[in-house]
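Got some structures for you, see below.
Heads up, the next two complexes both have subunit A, just with different partners, subunit B and then subunit C.
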Partner chain A sequence: MADDAAKLDSACEALKAYNWGADKNALQPIEDAIVSTSSDAAARAALEARLIAVLESDVSRDAKDYVCRALAVIGSTASVPSLATLLTKEELSHMARFALERIPSVQAADALRAALATVSGDLKVGVLSSLGNRGDAASVTQIAAALGDADSKVAAAAAAALGSIRTPEAAKALAAAKPIAAAMSIVMDSRLACAEAFLAQGKMEDARAIYMLLVGESNPKLIRLAATRGIQTCLEQKR
Partner chain B sequence: MNHGTSSTRREFLKTATGAAVTGVFAAPYIITSKALGDDTTPPASDRIVMGGIGIGNQGGGDQGAFLGRGDVQYVAVCDVRKKWRDGAKDRVNGRNKNSDCAAYNDFRELLARDDIDAVHIGTPDHWHAIMVIEACRAGKDAYCQKPETLTLREGPLMIAAARRYSRIVSGGSQRVREDFNNLVGPCWNGELGAIKSVNVRDFGPLSQLCNLPAQETPADIDWEMWLGPAPWQPYNSGRCDGNFGTGGNSWRSYVDYSGGSLTDWGAHLFGGATFASDVCELQPTAAVFHKADGQLGAYVTLTYPNGLEIHHRRPDQLKPEGPQIDGGKIQIHGDGVKRDPKPAPGYKGGGGIHGDFIHCVKTREKPFRDIELGVNTMVALHLLTIAYRLQRTVKWDAATQQFPGDEEAGRMVDRARRQPWFLS
Partner chain C sequence: MPRTEALESVALVTKVLAVVKRNSQYRLNCHRIVIALVAIVLAIMLLDWRLAVADDNQQDELIKMVADLISGEDKDFRAVGFESVRSGAKSAEATRHFAALLPKLSPESQIGLLSALADRGDREARPALITLISMTQNEAIREAILRAFGTLGEAADVPVLVKSLSASQRERAASHISLKQLQGTEIANAILAVLPTCSAELQSDLLEILADRRETTTMPVMIQAAVNKDAIVRTAAMRALSKIAGPEQVAGMVCGVLRAETGRERDEAERAIVSACLRNPDVTARAAPLIQAMQGLAAADAAVIVGTLGRVGGPDSLQIVETWIKDSDAGKQQSGLRALCNWPNASIVPRLLELFQQADLPATRAMLLAALIRVAPLPDERPNQERLALLEKTLLLCQENDDRNRVIERARAIRTIETLRFLLPFVENPVTSEKACGSIVELAHHRDLREPNKLEFDKALDIVLATSKNAESLERAKRYKIGQTWERPKVTSKQ
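And now, the complex of A and B:
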């Protein structure tokens, strides 16, 4: 045990100087500790605290990248504040999401949702996609607000996130969406995804309402065909 | 032959052909003899118009297979490496005896073309799901190299996109059907009886973290596009070169781009094992981790809803008694009570797995390696990987695509993609 602790101390020191090209084997004791603390909450919390301390210190991008990967596996609510500060940083936002997206606590979702108000462009695309990947139904209102973004990538990411969440509220927001033209195909795809979720839940009328919205002549042929097949499925399942 | 989208090319050709015959066009030479077809080549209106995305290494092999077919009109290539893009374009133009092949750096430009019916995708694994889904949304059929997925979450989204838009999407392991006939026969003809267990041996390491040093990025490669949804890392030729190496000498070695040999060769071997034992339409219910014990090395057993067990690297000392066949890398053990034979599915059309795909693009039948079957194999491999990484047993619920009550394993279902790329 003492030997393991010494090795972990040494690995945490190596992490502070870690950078691309450094010997990654020096970090193996951290990898081992991630596995060995699986059923030891106190030891895991202690490991998490050490990693957070590294994340908050002046270390390389690669070292922070490594910590975020580890926190994706073991991070808890304790990690959220440190990770949240990185969401607005161009170079670190993705790896902060890499961890936050996988941390189950509501505080992780809260941090992502709060960041929507402070990021724009590609960073906002990333945050929206992470909320969608989490299936965070509590974020529908904030995500829906981005459907009208002038940046087509942001509007498309918002639509995709709602298509991943697939709740009645998400479907309602998508039905009302009037995004700029470049985002419309993802809006329609996400409407179809919502309809499929309703079909799977046996909510035929809700599914049919979405499909009926999409069979109109003004929509692309591929969408109309998908909606027509959906209506057919609704009819078959009703019988 | 772009099902579900406007077939302007075909309609134009048909109209133009008729028009040329009736002399409406003053310049009938716009319809070439190649477009009209001959004894060995169908007319252009009956050919599948294709493009290739990710055209180096294995993608080049796929390109060769499709390019060699008379019923394929190959018109476009896409690769983020100029040398591969140019080489692939030259190959197409040489074959077509013209200079018409278009070359793209960005796959979205290729997918935006209305005249393309189908694409083959041979990029590193971290791009597969996004490209297959985007291809479906663009109304293209897709042949995707194995391993079809990098994470568990990707598979259902790929299947949903294929089904939503009625696209033909085929996985890309030819070995599933071609390498294990010595096993498939006795299993499907009933000689071996009910299959009780399978052992898959002989393939190697999990993918690992890459920490290669930065090198100057060559002008030849669009590094941001090569990385795409993967975490940003500096260019190093060792990160992106190579093809099959999994010992630190190719992108297949690294966790951001690949599941390592376990998913690379695993796609072939577990694809073959699940096909031979007739569980390829199922997903496992658990990956049981067996710790190393004395002389016995650690190994993992996948359990299936029908009671079948598929072991990965089961120690030879634990080999069961009773009827079995040893195919080298795969051993299958049955109860020996003869059963009624079942016909084993095979490729449709001629020309192996590539011909099967083209046949299905034309007929709209499900291909031999329909994406759902490829995904089922990948789920088995991702479960194996997660059990090895956590060094414990994990249980899987195929209906919800989750690890019930297992938050730690649940974190490994997916990973955040680098902006501006996302999956839905």
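And now, the complex of A and C:
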């Protein structure tokens, strides 16, 4: 045991100076600890705390990248504040999201949602995408607000995120959206995604309502085809 | 709550009520419970009826939608409609509605709908097919109808399909497939019913179809057809039997061999019998039905069948064949020798060599030599070196260049580098050059032989390129040298 602890200490020291291309074997004790602490909450919390400490210290980007990957596996609410501070940093935002997307606590979603107000451009696209990937129904209002963003990438990401969340509220937000033209096709795709989710849940009327709106002549042919098939599927279901 | 579950719940409540009724302290309330229960049942029935009506409305709406889609101009939307025909609205009524659209559609849509109805597989569409085929002369539509009969038709449709076997190439192909595809125990009888009224060519097609359908009950008819006066029918019957007959049919098939004309027809008929014999799982008894059938035959007929017996092979056959070879009658001897020359494997090579040395007649020597050339390289448990050595030994027996060329051609069946070395000297001789080049490129065709011996093969292929005048050999040599393969020309089954 003492030997393992010493190896882990040594690995954490090595991590502080870690850069891609260096000998990754030096970090193996951390990988081993991730596995061995799976049924020991206290030991895992201690490991998480050590990794957070590395994340908060002045270490290389590559070392922080490594920590984020580890926290994606073992991270808990305790990791959220440290990861949240990285969301606004261009070089590490994506790795912070990688971890936050996978940490199951509500606080992780809260952190991502809060970041929406502070980031823009590609970073905002990323945060919207992470909220969508989490299927975070509580974020629908904030995501919907981004549908009207002047940046077409942000508007499209917001639409895609709502299409991933697929709740009735997400569907309503998409129906009410008036995005810039470049994001329109993603809005329609996402509306179809919502309708499919309703179909799968047996909510035929809700699904059909969406399809009926999308089947209109003004919409692109592919969307009309998909909507037509959707209506048929609704009609083919026995009540 | 689903309707069935609701009704089951009511039944359960009724049983509970019966128990309650027996208990006097609750008896006064029983009539109220009964009234409540009846009300529940009525409510459920009403709900059930309303749901049924809603389902009907839904289906009507779907049918109308599909009709609009497949009547439209846009092929992509038509495809969406056809998809619903294929898999949606699973009811006979819906099928009838879809099928009823057929006469109102454009030819292109008719073809699409026919294909979709065929995939749907509901025979409710069949009457619409019958009506449509009587109305249209459009070849593409008729082809689609005939294809649809494959899944939607029945025994009564066999005459139409058979008649279409004499129509255009497309209709013929569609009918052929559908006749093989039709489901039902009566199909075979329906085909047999029209068989005698058909031309020889049609009978030939139908026999092939029966065999492909694995209609084993029709084998007596096939055996009868194997002695038909028309060679086309006879050949087709024996070919059909070769696909499905077993040892039990061998006796009947013997008549087919005897009726067949000498040459290609006889050869094919004999091969059919061999196929039937080889279906016997008992390897040692494969020749038994043929030997038994031979016993009742006149001498002239037995002389024919002993040749077939040679093709089957085996120790029992060898015993009989040897008796024939040793017979004092020259005709029987020749028949016995011919049988031995038909042997399916190289086990009789020593005997062939012995007989070759003893033979005086040039025709007999030629026949034995041809047999040696054929069996020497046959693939079996013998090592390649042994097979090649036997072929080299056979080459020494050859007196004619044609025979030498046959040996060189057969050598390609032994895929070793030693064979390549054996062949190379023959390239230099103008008489054997082309055959040797042909065998070299054939050996080179096999990558697993060519690649490990690339240097040697490259040199040999260079020699082929410098020597051969044959376009195919030159093309193949060029391709193999740069590591490419070569696609053999396709040969149709009836060739």
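In the analysis below, the second predicted complex is superposed on the first by the 237 of 239 C-alpha atoms of A that agree within 3 Å, B and C clash if a C-alpha of one lies under 4 Å from a C-alpha of the other, contacts with A are read in each partner's own complex, and residues count from 1 in each chain.
Here is the rule we use: contacts are C-beta pairs under 8 Å (C-beta built on N, C-alpha and C of every residue); 3 or more make two chains touch, one makes a residue touch a chain.
Bear in mind that the values here come from a model prediction, so they are computed numbers and not experimental data.
> So, on subunit A, is it clash or fit between subunit B and subunit C?
Aligned on subunit A, subunit C fits beside subunit B.
> Just to be sure I read the superposition right, which of the two partners does A:125 touch: subunit B = first, subunit C = second, or both, or neither?
After superposing on A, A:125 lies in contact with subunit B but is clear of subunit C.
> Scan A:101 for contacts with subunit B and subunit C and give back first, second, both or neither.
Touch status of A:101: first partner only.
> Report for A:91: first if it touches subunit B alone, second if subunit C alone, otherwise both or neither.
In the superposition, A:91 touches subunit B alone.
> So, does A:225 touch the first partner subunit B, the second partner subunit C, both, or neither?
both
> Touch test for A:79: subunit B only (first), subunit C only (second), both, or neither?
neither
> Quick one: subunit B or subunit C, who's touching more of subunit A?
After superposition, B is the partner touching more of subunit A.
> I'd like to know which partner A:139 touches here: subunit B for first, subunit C for second, both or neither.
So A:139 meets neither subunit B nor subunit C here.
> Can A:235 be said to touch subunit B (first), subunit C (second), both, or neither?
second
> What angle, in steps of 10 degrees, lies at subunit A between subunit B and subunit C when each chain is taken as its C-alpha centre?
Once the two structures are overlaid, it is 20 degrees.
> To be precise, I mean the smallest distance between any C-alpha of subunit B and any C-alpha of subunit C in the superposed model; what is it in Å?
Minimum C-alpha separation, subunit B to subunit C, in the superposed model is 5 Å.
> Check subunit A for residues that touch subunit B in one structure and subunit C in the other, and list them.
Common to the two interfaces on subunit A: residues 221, 225, 229.
> What part of subunit C is in contact with subunit A in the complex they form?
Spelled out, the residues of subunit C in touch with subunit A are 51, 54-55, 58-59, 61-62, 65-66, 69, 76-77, 80, 83-84, 88-89.
> If you look only at subunit A, which of its residues touch subunit C in the complex?
Against subunit C, subunit A makes touches at 221, 224-225, 228-229, 231-232, 235-236, 238-239.
> Inside the complex, what are the residues of subunit B that reach subunit A?
4-6, 137, 139, 153, 160, 164-166, 208-209, 211-214, 231-234, 389-392, 407-408, 410-412, 414-420, 422-424
> Quick check: in the complex, which residue numbers of subunit A touch subunit B?
On the subunit A side, the touching residues are 18, 20-22, 24, 35, 38, 62, 65-66, 69, 72-73, 91, 93-95, 97-98, 100-104, 122-123, 125-126, 128-130, 132-133, 153, 157, 160-161, 163-164, 185-186, 189-190, 192-193, 196, 220-222, 225-226, 229.
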